[in-house]
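Step one of this worksheet: look at the structure below.
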Amino acid sequence: MLRRSFNVLMLSAALAVGTIGAAMAQDPVRIGVSASKTGPLAGGASGVLWPNIKLWAEKVNKAGGLKVGDQMRPIEIVEYDDKSSPEEAVKNIQRLATQDQVDLIIPPYSTGLNLATAPLIAKYGYPQIVSTGNANDLDQFVKRWPNTFWLLGPAQGIADGIVGTLKDLRDAGKIGNRVAVVNVSDAFGLEMIKTGKPALKQAGFDIVYESSYPLGNQDVAPVIASAKAANPDAFVAYSYPPDSFALTEQAQLQKFNVKAFFVSVGGNLDAYGKRLGAAANGVLIMGGVNASDPVFQAYRKEHLEVTGQEADWWASPVAYASLEILQQAVEHVGSLDKEALNKEIQSGTFKTVIGDVHFDNNINNNNWTVGQWSDGVVHGVRATGNLQGAQQPVIKPVWPSN
Amino acid sequence: MSVPLLAIDRVRKAFGGLVAVNDVSFEVAQGELLGLIGPNGSGKTTMLNLISGALSPTSGNILLSGQPIAGLAAHKIARIGVARTFQLVRVLPSMSAVENVVAGAVFGHNRLWGGEALTLARELLARVGLKGREEIPVAAMTYIDQKRIELARALASNPHVLLLDEWLAGLNPSELRIGMELIREISAQGRTIIMVEHVMDAIRSLCQRCVVMNSGAKIADGISASVLADPEVVRAYLGDDDDA
Amino acid sequence: MLEVSNLGVRYGRHVALEGVSARVSKGEICVILGANGAGKSSFLGAVAGLVGTEAGTRIVMNGKDVTKLDAHLMVEEGIALVPEGRGIFGELTVAENLRLGSHARRAKPDAGKMLDFVYGLFPRLAERRRQLAQTMSGGEQQMVAIGRALMSKPDILMLDEPSLGLSPLLSKELFKSLATIAAEGFGILLVEQNARLSLKTADRGYLIETGRIVGEDTAPNLLKDPKVMSAYLGDAAAAAAH
Amino acid sequence: MNIPRNELLAVGAGLAGAAVLAFLPLVTEGFWLSVSVNIMLYAAICTAWALFSGPTHLVSLASAAFFGVGTYSVAIFIDVLPFPALVLIAVAAGALLAILVGLATLRLSGVYFVIFTLGLAELMGQIVTWVQTNFGGTIGLYIFTDLTEAHLYWMLLALTVIVFMTGWLINRSRLGLALRIIGNDEAVARHVGVDTARARIILFAVSGAFIAVAGAIMAPRYSYITPDAAFNPMTSFLVVIMALLGGTRRLWGPLVGVVPFTLVMDFISGHFPNQTAVIVGIAFLAIVYVLPDGVTGQLESLFRRRRPTDQGLLATTVEEGR
Amino acid sequence: MLILLTGLLLGGTYTLIALGLTLQYGVARIMNLANGETLVAACFVTFWLYTGYGINPLLGLLVIGPGAFVINWLIYAWLMQPLVKRARNRGMLEVDSILATFGLLFLFQGLMLQAFGGSYFNYEFLARPFSIMGDSFGLNRVVACVAAAVIAAALYVFLYHTDRGTAVRAVAVDPRAARLVAIDVRRTAAFAFALGGAITACAGTLLSTFYTFNTSMGVLFTMKALIIVIMGGVGDIRGAVLAALVLGLTETLVASLLDPGLTLAANYALFILVLLFRPQGIFGKRPA
């Protein structure tokens, strides 16, 4: 399986190179992207953002193009690498807006770069649908930049999701009161722990172990050992991909068995389930999807076919949804008028792979916050707002011995 | 005799196990031109490095006009009034002749600045025979001219003591004559000079007195002519004469 | 065996050697005398391939022109140099230093024999073979340096100021060893400031002044030559001695 | 002291040039303004960097540390103090850090100094992270101001002018002479009475303070400050590369490197977004092999027809004074 | 005990990361900033061999090591030799090599990006618990640590007990004197550079069995390696091993007893202390 997907990946990479610059039909809609291809953020962007842009562009063009008014116009993606640096990102947006004069802009990956580019994107009036960034102060941002839309909702909801799930499990008498919580010490990890910790306390949990570790650190044996020594019932990690993998592997190795085991970014990757196999069963992750929704299933299939890469179980569909919203907004408005598009996105409702989306005050308040692995699939077990399809969380079985 | 200008008192310098300067003492009077000689590796240059502050002694004292200077940083000693030249000539290659000399005037004992420093530098260049070549980059100058620059730079700081480290080495016979004349003139103007030298004829004709070192120790100190005839000094230079 | 003709060396504008010609034969000890800065070390460096030579220089070793060869290839031609300051590998042991000496291809077959010869010559080295070279005394380090050069089984052993920093007694022992080495058939070319001692051991000598050879004679004749004394102590001293 | 005519002319021309450049934001608001902000930013930082590294031949990779300190000076106090006061804080913080580092690294030379300074930026980033984790509660700090790109551009232009003026004044001062001597031969410098340690530290402080100010000015552009972004080691590397490309033997040398480098990099990332790294890598290797002395070095040797003897950074940092 | 063993395992990992660089920098005098990229490239190749063709990473070493050796030899011969030739002193070579290998860093990164994209990769290999004195550790980590020990020991034997190895050390100690004992310094430097590259690549192979990696991660490894090499004393493999173990232990101690958030800070603090008080490295002798 791995081998196949890997070869597909290689093949598609080769194809991608070949198709760049392939002549498009007349008068395309030019859509600019500036996001990370190199630097520390490239890992995330290449997993979540770039493949979905590729998938979406290909799908739209295959269907004859983007419907603008009564015309079907092909889309052309103009892409730049921001090298994970704010200066580059700002410059790229300027280039897209004033040199390339693109019709639409797909904003960068990560909260930081979205905020750094927001003033400029606002200046030029493009809608900025942020699918890969969030924070607690979204209201403030929206006031500043009414053209920004926040698909992931406030950080609060995401951070608290796991607290709610643990509370449910405890109230059902399935787990005890003791929680170990760790976080990666970067902007994301801190934002999460800042809201997550009080929420845990308020819910009456005992925090028996608490710690942070540096970004990029994969040598987390001491973290797991200390957490294990505190003998918790649940383990919560606000983590990033490399450390999500490392924490899980160490927990397995050290037979750190808890009834609820939660990792954040990284746990949603398909590779996570592949790598762990049966051991993943019962692991709780940040975010989630409605895995039984046929729309989502079709999307996953297409994603693999077109990009050679598996979609993940949280961020990919959200990123794709942001593009669908952009597309539908154009179709609804019937023109590329930015002002009109912003208005439409503010008020309209859009059918996407993550279900129907509409923004309240530019913020999407219906989000999956917790998912759980089960036989190679993630099922959403908790959501904010009124998302349907959540399953009941279960207690994590002990790690299988191997 | 009053307090000597420079007094070296049982100075010792050891590099690990190797004793490069072994409890050497001597004194230099105001206005004297002292030769410091000895075969290769006898510790002469180390001695100069100790006086100028490039090295700090393991033990012993160095007094300049009664003020202890042993172990001070080189730039402090330079400001107190010790200037030197280097064994392998060291000019400031990217700077012009006059700038090289200004360097000595600005930072050394003299602490001049601006026009004053410039005037002095030009004067000294003229004195060492480089009049009219003030603006030439020193990298383009001949060996002897670079040596002149170095001398002028040392003089520009108006030092109490001038240390010349094999300043005459590598000069051809005619250059040598000019060089010796220059040293003689500077000495005649009352400057106190210690010169480390291998050119014995120069020592003989310039220095009334000289100190001889061998294997880190002082082996002779006195009137040049008699010191150079001392069998022990001859042996130090030429090796053992007999098989005894 | 070694023939150098019209050798010239410059460092930038400074002419260190000009038109120097010299030769060394098998089993002979030849000494180069001269004051500091006369160009003696440059001469050895040029022959060893460490210092670049001017056009016109010709160095012939055993009938083969080796003028522009790199230093490591000079060793293969049978020229070994013990540089001033000895150039031993201080952070390596005595045995390692000696073993490196036989790194040359020409030395490999007889490495064992040469090692026995070196240990026979300097029994101290055999006792201290495991010691780091930099922790030894000056005289012992000189033995390491000479031993290492011998290990390459050279036809000509060149030494730059071997007695520098050694006590008179040690210097004498050193020259005795050199005589032994020469007796084994190695040619020896040395630069030495201890003129009397070296001339007593040597067969022949050259006198260098400011980059040129100003005299060549047998050792006993040079020993009596006032030019030698004047080279070191000045003309007046030489005059006074006579 | 009288100022040579040609230098006065150069200063005049520089000021006139700066005055002309000040009108740029009135002509373009868009992409070229952004590019100009970047050029101006690196012009200021690289020149400030070369103030220290040029004469001392010590390659400092601490630019990111100073830049980050400046950025954080703004980020921490933006809500309580007016922007000009923040710039002053950045000056103080940058200088203070430079003095501490300068004192600590007096004995280091060559590659040890390089690596120390590289580690410094990382260490600062880690410390800030840790402090914020344990005492601040968040890592990201928001900076919302009404400063537009044009404002940033003007501030950076002013900073660049000030850096140049400072460099020029230093060159005309005792300190400047001392530095030239140190750059030529540190042992000689000591022996003519130059307090090399003091000169080195003062210069490092001046250079560090300027870089910190650049960081402070750029902070509003980031909107959201995190240690990774503020202490990004890439900043340090880019500074070294551009400055070396231009050459560090003239005050205007780095500028000669910054402008073409920024434009070429921009061209590459604009036209080969997917191959940027490969092309940058090859371009870089080409620079190292073709322009060993940087552009200015190349120009000068063209004029002089002979190679200067003190070329090559770090060339004189071998052991001395034994 | 757990802390000690975890620290040792981590130290073993760090040893792997640093050994190659200490050869490249210590002997060939090339400060290779692309060291981390070499390592990451080996991770990718291992991944490709394992997931694509089912070649066990330990067997993969047999392909990757020699392959990296050849590639690094060519890099040295084509790209570094011209710099060595034109450098008039060690300082110049240092700056030139920093700049040139910085270019290489981008080039390698770009090539990997073309081939593999920017996402995170990992795979499962020997991710089984392995019990040492009652505590369990990842077998992959244990294997890597043992491999590190084997490589370090082999390197030690080579450097200290063979003629060729002694010649390599001789070049590191004194390149000028090395020429006098018929050592071809250029060839030996090329050999050391290539060997260093091969060891770095082996490190990548072993690390890929338990690290998640992506194209942009090389710099992290380079930084670690630099710190260890400088701490241990340039070119001194015993120093490098000791420094790596010290670093591993310190990090684990700090993480376990103090605060995992401080591990990296402790790292740099330790490094800076060593630089300030023993700039010549743990075993290094002060230049006389």
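As written, the chain order gives the labels A, B, C, D and E, with residue 1 at the start of each chain.
Here is the rule we use: contacts are C-beta pairs under 8 Å (C-beta built on N, C-alpha and C of every residue); 3 or more make two chains touch, one makes a residue touch a chain.
Labels paired with UniProt names: A = Branched-chain amino acid transporter substrate-binding protein; B = Inner-membrane translocator:ABC transporter related protein; E = Branched-chain amino acid ABC transporter permease.
Since the structure is predicted, the reported quantities are computational estimates derived from the model, not experimental observations.
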Supply the minimal count of touching-chain steps required to go from chain D to chain E. 1
The chain whose C-alpha centroid lies farthest from that of chain B is chain A
Using each chain's Cα centroid, which is most distant from the centroid of chain D? C
Distance between chain A and chain E based on Cα centroids, please, to the nearest Å. 35
When the centre of a chain is set as the mean of its C-alpha atoms, what distance in Å lies between chain A and chain C? 75
Distance from the mean Cα position of chain C to that of chain B, given in whole angstrom: 32
Rounded to a whole Å, what is the gap between the Cα centroids of chain C and chain D? 52
Of all the residues in chain B, which ones touch at least 2 other chains? none
Multi-chain contacts in chain E: which residues touch at least two other chains? 109, 113-114, 259, 261, 264, 288
Mind pulling the residue numbers of chain D that touch at least two other chains? 126, 129-130, 133, 274, 276-277, 322
State the interface residues of chain B toward chain D in the complex, per the touch definition above. 49, 52-55, 73-75, 78-79, 83-84, 86, 90-95, 99, 102-104, 106-109, 113-115, 139, 153, 157
Show me the residue ranges of chain A that touch chain D in the complex, using the header's touch definition. 17, 20, 37-40, 79-81, 83, 85-88, 90-92, 94-95, 97-99, 111-112, 115-116, 118-120, 135, 137, 144, 185-187, 189-191, 194, 212, 214-215
Spell out the part of chain B that touches chain C in their complex, as residue ranges. 17-18, 39-41, 142-143, 166, 169-170, 172, 198-204, 215, 228-229, 234, 237-241
Which residues, counting only chain D, touch chain B once they are in their complex? 1, 174, 177-178, 180-181, 183-185, 187-196, 249, 308-310, 321-322
Under the definition above, what is the set of chain E residues touching chain D in their complex? 31, 79, 82-83, 86, 88-92, 94-96, 98-100, 102-111, 113-114, 219, 223, 226-227, 230, 259, 261-262, 264-265, 268-269, 271-272, 275-276, 279, 287-288
